[in-house]
Each structure stands twice: as structure tokens, then as C-alpha cells.
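Alright, structures below, take your time with them.
Here come two complexes built around subunit A, the first alongside subunit B, the second alongside subunit C.
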Partner chain A sequence: MTLLTVENLEAGYETGQVLFGVDLVVEESELVSLLGRNGAGKTTTLRSVAGAAEPTVLGGEITFGSEQLAGVAPYSIAQRGLSFVPEARRCFPRLTVRENIRLAINHASDPKDLETVLDFFPELSEMREKQARNMSGGEQQMLAIARALAANPQLMLLDEPFEGLAPYIVRRIEDIIAEINDQQGIAVLLVEQNVAAAVAVADRHYILDEGRIVESVSTTQLRENEEMRQRYLGV
Partner chain B sequence: MSSTLDARTRMQRLLSERSPAALLGALAGVLLLGNAAVQKPGLFIDQAIGGLVYGMILVMISLGLALVLGLMGVVNFAHGALFMLGGYFTYATMASYGLPFWAALLIAPIGVGIVGIVIEVVVLRRLYGKEPIIGLLATFGLTLMIEEAARFVWGASAVQPAKPEFLTGGTDLIVTQVGTYRLFTVAVSTISVAGVYYLITKTDFGLSVRAGVQDGEMTEFVGVNLPLRFTAMFFLGSAIAGLGGALRVVEFGIDPGAAEEFVLLAFVVVVIGGVGSIFGSVLAGLLVGWAQFLVPVVLSALAIVTGVSAINVQGISDIIPFLVMIVVLLIRPRGLFGEEGLLE
Partner chain C sequence: MSGESTDRATGGLPSMFERYKIPLGLVVLVVALRPLITSEMVLGYNAIASKMLIMMLFVAGFNLLFGYTGLLSFGHAMFLGFGIYIPAILVLNGAWVLPAGGNITFLVGVILALAAVAVYGYLLGTLIVGMGEIYFALLTLAFSQAIYFIVLRNPGELTGGSNGLTQGTLPDFVEQTRGEIAIEAFGLSLDWYWAVAVVFLLGMLALWQIVRSPFGRSLVAVSENEQLARAMGVDTTSYKIWSVTFSGVFSALAGVLLMIQNSGAAIENLSVFTSGDTVLMAVLGGVNYFFGPVVGAFSWLFVEDFLTNFELWQFPLSEVTFVTVDLSDILVYWQFLLGALFVVVVLTAPEEGIWGYIRSVASWLRKRMQQVRA
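Up next is the complex of A and B:
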């Protein structure tokens, strides 16, 4: 069944329009990546779906389950089962690991309990009273994902979860994302510049260029088509 | 649990970081206070309690100002007008409607809280995320409107309801007598400030507010209805300021000028305490209250000891809050707890 449908989405900021008709679909329990160069509109797409105040959605439709998301407040979108992990992790710096997760649990309609979440992240379990600002980038990324997982969402939006992380942590985060998808059946829409990491975890890929989806390919197709990778992703 | 520990360790750090010069200054302060206490014990205790009463009133006004600034990023100049309204609502409840003091103590804060909600929904909600100066100008305009409305309804001169009989007596402290009402003020304000502190640091509601102060947008992404919390915090801040006004009007009366006089002092307190820190505002409020009441006593005691009567500067108490602010900002530019606010 289709979980998320984005149709002809146009969006932009005060400085100008960024998206010129984005179409994409995420099926239930699917792991899809959205690839593209810097400035292609990846983050803008995710933020539009999450209901952020900026960018402004100028046209098109966003359907989650059977509901329209355009004009719905971000907290209300989150409560409907859509968890957003924005770029730069955005853990609450002066809240502890426990408080960061607790907050998500308190405000989700069908949350997991704290211990279930921490069992999933043994690293975090050992530092539950540590403030997020005192944690490493990799630990913060885990916390950001743990916080999203705590809400027990149907769909998780991940914006560049591998950015700025050491290779071995990238692999750990890849495993976590794959597990969340396989074992918990949570659909994931992953935005990445790191094509290798995206190929490692996602089943299907959209390529975004200048505010439009230009390709929709399987992992095999993406691997084999070097010309396509060169043209849109520069790799 | 963790946050009380935090407060304690922060306190220790604050003390341990002091330089020898600062410790010398503190020693001099203790000696001056000791001299004043020996020279004029009655006056000293009297002023110490006066400073505590005054300081707690300042804390009550500053809390709301600090919360609104921390959470919504709006400098609410109208906060002093809300304090003033608390006084007038109390006067109206008691003098015009003949209701007892207890009722006024309940009705005035709730009434002021409702005015606060109206202000938040009608005016402030449009200003979030805009330049701070716009919020300052808009709330300054609101202050003038509320002031003029009060002048129109209650007149330009001060009004004061009759003190309830059971609070009129004094409590004997050997060297001096303290009005029972003053002790009552300290008790009520302490309970309400402690209540706010508990709400912010220990409850799930407080957790969502603290998260909102740190990263409002992300707070919404995890499912928190932030606009509702803005309104709730504005109600709370207004109600506490209103309660402060209610406590003050019975002893000192209130006039329209109180709106600007007290918002200025509350700003001083918030700046001294450090923006975004509840703990800092509480400490700074008490500091300002005590400084204002005790410095004149200290100076006059010093004048007696040294025989130099010029030390006993008259009318110095009005500029003391600002002197304290200057000194604190010279030593700690972000205020006492500006870097590690409890709210942040």
C-alpha cells in the first residue's frame, strides 16, 4: 500500500522557488533514497513533507495514508506517524539522552517505551543522563534517530544522516537504518549526498535535479549506469 | 533530581572560579554588612526583610519576562503593565466588589493571566520570528494603552485596598518588629516561584517548554504543540506578575506609573540573572532587592564608624539596581547564569 505520495510539489523560500513539480511515492515498509547534488531541493522536499514553516508550499499535493498534509501543523504531522530527522541532527543540546527520547514519547500517539528504544541503541543506554551537547556527532545522530524511533512512526524522514561521520560510524548508522526498516517495518525516505551509503541501504532511488525528479531507479540500475551518476550526482 | 544538582554544581563553579580580587571584594562586603548589623541591628533586620519582600516581588515579575523572552524570543515590555493590573484588579475586587482578600488573591492573577492570553493571541503571535525591536515597540504600545486604561478607570493617583485584619499585626523579632503581611508576602511569593521552578524543571510540560527554548522548530517536529505552550507560558508569566501586583498593592498601593517603573527593574533583574535562566532571575531579584534596601544602611553604619558623614549618600537606593547591573555585566557580560540557563 502507498504510504506517502508527493504530487507535483512546488515550494520555495523568500529568495526564490526551489521545487518545480516533485513527484515521488513511498510504499509501506519501503526504504527509498532521494539523491541529488547540493541545492537540488532534497532538504526542501523533506521539510515540505514535514510541514516546516519554511519553505512555503506553492502548489501540489502531499498525501500521507489517506490524509492531505498541506497546511497541517508540523506537530500534528508528527502525531500522525511521520518522524522527521532533519540535517545536523538537532538533538536538544541541554536535555539528556533520556529527556530527548522522553519528549518524543510524551507527544506521540502510539509511542514505544523508553527501554525498548534504548535496547535498540546500547551505546545510548550507557549514557542516558548525558546531555546531548556533550556527545559526539555519531552519538548525536543515533540519539536523533532514537528520538524519531521512539514515536513509533509509519514513516521516517532522514536528512543526510551520514554527514560528517567517520566511516565506521557511517556503517553503524547504515545498520541501524536497515534494522529499523527490516525489523520494525518502518518506511524510510532517506536524503543523501553519500551515494555509496544510500546504495548500501535503500531499495529504490529518486534522483532530484533542479527541483524536479529526473530519474527513478533500482539499486542495480544506479550501480550500472555510470553516465547517470556522473550527470546528476557527480560520482 | 539532576537539575537541582546542576544548580548546586553551577553555584560551586561560580564560587571556585572567582579571582583573589573578587574574593577580597566579597570579604569587604561581608565586613561592611557585619558592621551595619552591629551598628544598627534593628534597622538592618528590618531592611533585610524589606529587601527580601521587594526582591521576591521583582522575582515574580522577572520570571514571566524571562520565560517569554527565552521561549518566544519576544521582549515583552508590557509585562510591567500586567503587574500593575494585578494591583488594580485586587483593588477592584476588594474595594469595588467587597470581596475578601483571599478571593482577590485568586481572581487578580487569573484575570491578569486572561489579559495575557489576549495579548499573546491578538498581538504577540504575529511577532514571533520577527525582529526583536518590533516586539519591543508593539508591547511598549500595549503598555501605554493599558496604563491609560487604568488611569481612565481608577484615576491617576495611587489606590490601595484595606489590609485584611488578620495580616495587620506585627511579629516580634526582639530587635525589631516585622509586619505579618510582609512575612505573608514572602511566603506566597516563595511558594509560587518554587511552583514555577518545579513545573519547568520536573514535569513533562516543563520538558517540552525547555525543549522549545532550545530549538522551537525541532520541538514541533517531535509532536509538541508549541503554540499552545506559548499561550500557556504567557498565561503563567502574566498570572505570576499579577500575583506580585496583588501582594504589593495591599501594602504600598499602586498607580499607573508602576507599569514602567517595574518593567525596567524586571529587565535589570533578567539581565543580571542571565537571559533564559530561571535560577538566575530568582537570584538576581533577591540580589537587587537586598542591595537596594541594605546599601543605605551599610553606608550610614560606615559613616558612623569612620565619622565621615559624606559617605551616607541620601537617595542612593533608586540607582542601586542599575549599579548592581553594571558591576555584574562588567564581571560576567552574559549575566550571572547567562551561559548555562536552566531553561536552555
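Up next is the complex of A and C:
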């Protein structure tokens, strides 16, 4: 069943339009990546779906389940089962691990309980009273994903989850994302610059270029088509 | 939330201490403050101790909005004013079936003041929290000034205008003898300081409960990253409105105490200077901490009173003096000295304040102790 449908999405900032008609689909329990060069509009697409204050959606339709998301307040979008993990400043620095997760639990319509979430992240379980500001980048990313998982969403939106992390932590986060998708059946749409990591986890890939989706490919197709990778991703 | 208590690691006295260190700290503060502050060597008079507690409660109420929610109110004096003026006006004039001067009239006045400030805070919040941080500060200032000028106008001869209300604003259970206030009720006489202490403790404990509750944790989330909070399902606008409301109620509660403390209502308490001092006290103490406003209000009032009363520095003690220095020429500029302290604190650690310093020194000492032992 189709979970998320984005049709002809146009969006931009005060400085100008970024998206010129993006179309994409995420099926239930699917793990999809959105790839593209810097400035192609990946983050803009994700933020439009999450209903963030910026960018401004100029046209098109975003359908989640059977509901239209245009004009719905972002907190209400989150309560409908869509968890967004932004790129920077992912955690609340003064709140502890436990409080960060509990915040998501308290504001979700059908949350998981704290222990279930922490069982999934043994690293975090050991530092539950630690404030997020005293944690490493990798730990914070883990906490952000744990918090998104706590809301028990149908779809998780991850903006550059591997950015700025050491290679071994990238692998750990890859495993976590794959597990969340496999075991919990939560669909994931992730935006990534790190093509290798995206290829390692996602089943299907959209390639975004200059505000439009230019390709929709499987992992094998992307691996085999070097010309495509060169042209749109520079790798 | 039901899981809140089971989340914590349980066991042993140290963890109990860790968990209740704020209530314990408040009790220690209340018990120790007066003997320390009013001894001959320090400030030497009684009224300052109760005034300190009242201002601590007021600034803590303000900090619920500023430190915990990230909204800077530049007109917090208006909330204080509700607590000062409404009970005073009611006791002085009586109302409907209530006689003037009665205890019941006063209690009704207090309840009315808190209810009125809650409604006012909620409506004001609804109107202005969505405007952005700068406009929030400016609009609270504007509303506060509007209230100031209405009170100054003395509508219906109720507020006393620039003279304030100085006679007949106290209920019967407040006894005044030679400047000392006592509460007489049920055949018992309670010193004013302890009466304030009880209200202070109840107020601060309520604030502590709010701050550590899921509601309070959501406020911290709103102040730290509003967009992220929204993306997680927090209705940030509604949380901000409730924060204004609660902050107003706690501030008005402090106002009620201040009215009795000053035996009346003074218009200065509604002025922009009161609002400004509130912000400065909170920042001086450290807005990130529960005890920040307490430390800020204490330091501010201590410096103000100490420096204005302190003229001769006798070393080491006034009984055995080796050196005497006349400081009065310097100390007339006490506000400058206080300002300088404020600038130092803000430049070196804006959100940490004096309490942040104390905490980091304490944790450094603890680490050193551990190293020495090991």
C-alpha cells in the first residue's frame, strides 16, 4: 500500500524557488533514499513533507495515508505518524537521553514505551541520565533516531543521518536504520550525500537534480550505472 | 506520566539526595537566610530577608517564561501588579457584600487576583506569543506600560495614582508593631518572615514540579529548538501561552506578599524599572538553572543594601581595627558596581550566571578531591 505520495511539489525560500515539480512515492515498510548533489533540493523536499516553517510550499500535493498534508500544522503531522529527524541540531541539549525520548512519547498518539526503545539502543540505555549536550555526534544521532522511533511512526524522514560521523559509527547507524525498517516495519525516506551508505541501506533510490526527480532506480541499477552516478552524484 | 518514577535508577540515600536536592536546598535556604543576612555584621535588619524571598519567588516565576520557555518578558512588573493592587483595593474599599478590611475580603482579593492574572496572562499570551521573540519583548513592555499609566491615572480613586495606597490595605490578621509585621491567626502569632517562607516554599515547590513535569520538559524543548519540538508533535504555541499564564500567576503571588511587606501598594513596583531589574536579576543568577533566579535576586538585593549601608571598611573587625577605609565616596556609585558585575557575568557566561559559576567551581573541586583520593 502507498504510504506517502508527493505530486508535482513546488517549494522554495525567500531567496528563490528550489523545487520545480517533485514526484515521489514511498510504499509501506519501504526504505527509500533521495540522492543528489548539494543544492539539488533534497532537504527542501523532506522539510516540505514534514511541514517545517521553511520552505514555503508553492504548489503540488503531499498525501500521507489518505490525508492531505498541505496546511496541516507540523506538530499535527507528527502526531499522525510521521517522524522527522532534521540534519543539524537534532537533540535538545539540556534534556537528558531519557527526557528527549520521553518528550516524543508524551506527544505521540500511539507511542512505544521507553524501555522498548532503549532495548533497541544499548549504548543509550547506559547513559539515560546524560544531557544531550554532553554526548558525541554519533550518540546524538542515535538519540535522534531513538526519539523518532519512540513516536512509533509509520514513516521516518531522516535528513543526512550519516553526516559528520566516523566510519564505524556510520556502519552502526546503517544497522540501526535497517533494523528499524526490517523488524518494526517502519518506512524510511532518507536524504543522503553519502551515496555508499545510502546504497548500503536503501532498497530504492530517487535522484534529484535541479529541483526535479530525474531517476528512480533500484540499488543494483545504481551500482551498475556508473554514468548515471557520475552525472548526477559526482561519484 | 506514569512511567516517570520508574525511569529513574532507584536505591540508596545518595540517589534520594540527588532526587530531592532542590526541595532540600530550598528548606536550607529559608532556614539559613535570615540568621545569616540579618546579623549585625551583614545587613542587620529584619525586613530584608523576607523581601529577598519575595523577590526570589517573583524572579523564579519570571524565569519559567524566560529561562525555561525562551520568551523574554520586558513587562513582568504588570503581573506583580495584579497581586499588589487587587487585594489592596478590595481590602481598602470592600466590594459588594464584602466589608472593607476583613480577612475574608483579603482572601477573596487574593483568589480574584490570581484568577484575574491567569485569565489576563492567557489572553495576552494568545495575542502575542506568535509574533516572534523581539515583538514578544516589546509587546509585554507596551502592555505593562499601559497598565502602569492606567494605575497612575487613579481611575475611580481606586489605585491612589502616584501616591499608591498606603493606608488600610492590610487585612485584620496582619499586625504591625514598630515596623515589624506578624500574622495573628487562630490565637497564634507567626513572624512575617516565616509566613513568607511558607508561601515561598509552597510556590517554589509548585514551580519545581512544573519544571520537572512532562509539561516543563516540553517548555525546555520549545526554548531550545522550537522547530524540532514542533516536528516531534509539540504544539509549541499552546505551550508558550500556558507558560505566560503560569509565570504570571507565580509573579502575582509574589505581588500579594510584597503588598503586605510594604504595607500597601507603591506604583514603583509597576514601573519599567521593576521589569528591567527582573530581567537583570535572572540573568545575573543564571537563567539555565532552577536556583539561578534565587541567587540572582539574592545577589542583587544584597549588593544594593550592603553597598548602600556600608561606608567604613574596618579591617579585620570593627572591634579590633587595624585599618579603616572610608568607602562612601566610591559606594555612592553602587549601581555602577552592580552594572559592572552584571557585564562581567554576561560577557563570560551569559546563560550560566553566578549560579553556573558556583556549580562549575563545585564540580571542579569534586574532581580534584577524587583525584587526590585516587
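The rule is short, and it goes like this: the second predicted complex is superposed on the first by the 234 of 235 C-alpha atoms of A that agree within 3 Å, B and C clash if a C-alpha of one lies under 4 Å from a C-alpha of the other, contacts with A are read in each partner's own complex, and residues count from 1 in each chain.
Heads up, the rule we're going with is that a contact is a pair of C-beta atoms (placed from the backbone, for glycine too) under 8 Å apart; a residue touches a chain by one contact, two chains touch by 3 or more.
Since this is a predicted model, take the numbers as computed values, not measurements.
> For the three-chain model obtained by superposing on subunit A, do subunit B and subunit C clash or fit?
Superposition check on subunit A flags a clash between subunit B and subunit C.
> Touch test for A:Gly137: subunit B only (first), subunit C only (second), both, or neither?
Neither partner.
> Touch check for A:Leu114: first (subunit B), second (subunit C), both, or neither?
So A:Leu114 only meets subunit C here.
> Taking the superposition on A as described, I'd like to know which of subunit B and subunit C A:Gly65 touches: first, second, both or neither.
A:Gly65 sits against neither subunit B nor subunit C.
> On the A-aligned overlay, A:Gly21 touches which partner chain: subunit B = first, subunit C = second, or both, or neither?
neither
> Thinking of the overlay built on chain A, is A:Arg102 touched by subunit B (first), by subunit C (second), by both, or by neither?
Once the two structures are laid over each other on A, A:Arg102 reaches both partners.
> Quick one: is A:Pro74 in contact with subunit B, with subunit C, with both, or with neither? Answer first, second, both or neither.
So A:Pro74 meets both subunit B and subunit C here.
> Should A:Arg128 be classified as contacting the first partner (subunit B), the second (subunit C), both, or neither?
second
> Do subunit B and subunit C touch any of the same residues on subunit A, and if so, which?
50, 52-53, 73-76, 78-79, 83-84, 86, 90, 92-95, 99, 102-104, 106-108, 129, 147, 151
> Along subunit B, where are the residues that touch subunit A in the complex?
It comes out as residues 2, 129, 204, 207-208, 210-211, 214-215, 217-227, 344.
> Can you check the complex and tell me which residues of subunit C touch subunit A?
1, 3-4, 7-9, 214, 217-218, 220-221, 224-225, 227-236, 288
> Which residues of subunit A touch subunit B once you look at their complex with the stated criterion?
Touching subunit B from subunit A are residues 50, 52-53, 73-76, 78-79, 83-84, 86, 90, 92-96, 99, 102-104, 106-108, 129, 147, 151.
> Considering only the defined contacts, which subunit A positions touch subunit C in the complex?
Going through subunit A, the ones touching subunit C are 50, 52-53, 73-76, 78-79, 83-84, 86, 89-90, 92-95, 98-99, 102-108, 113-114, 128-129, 147, 151.
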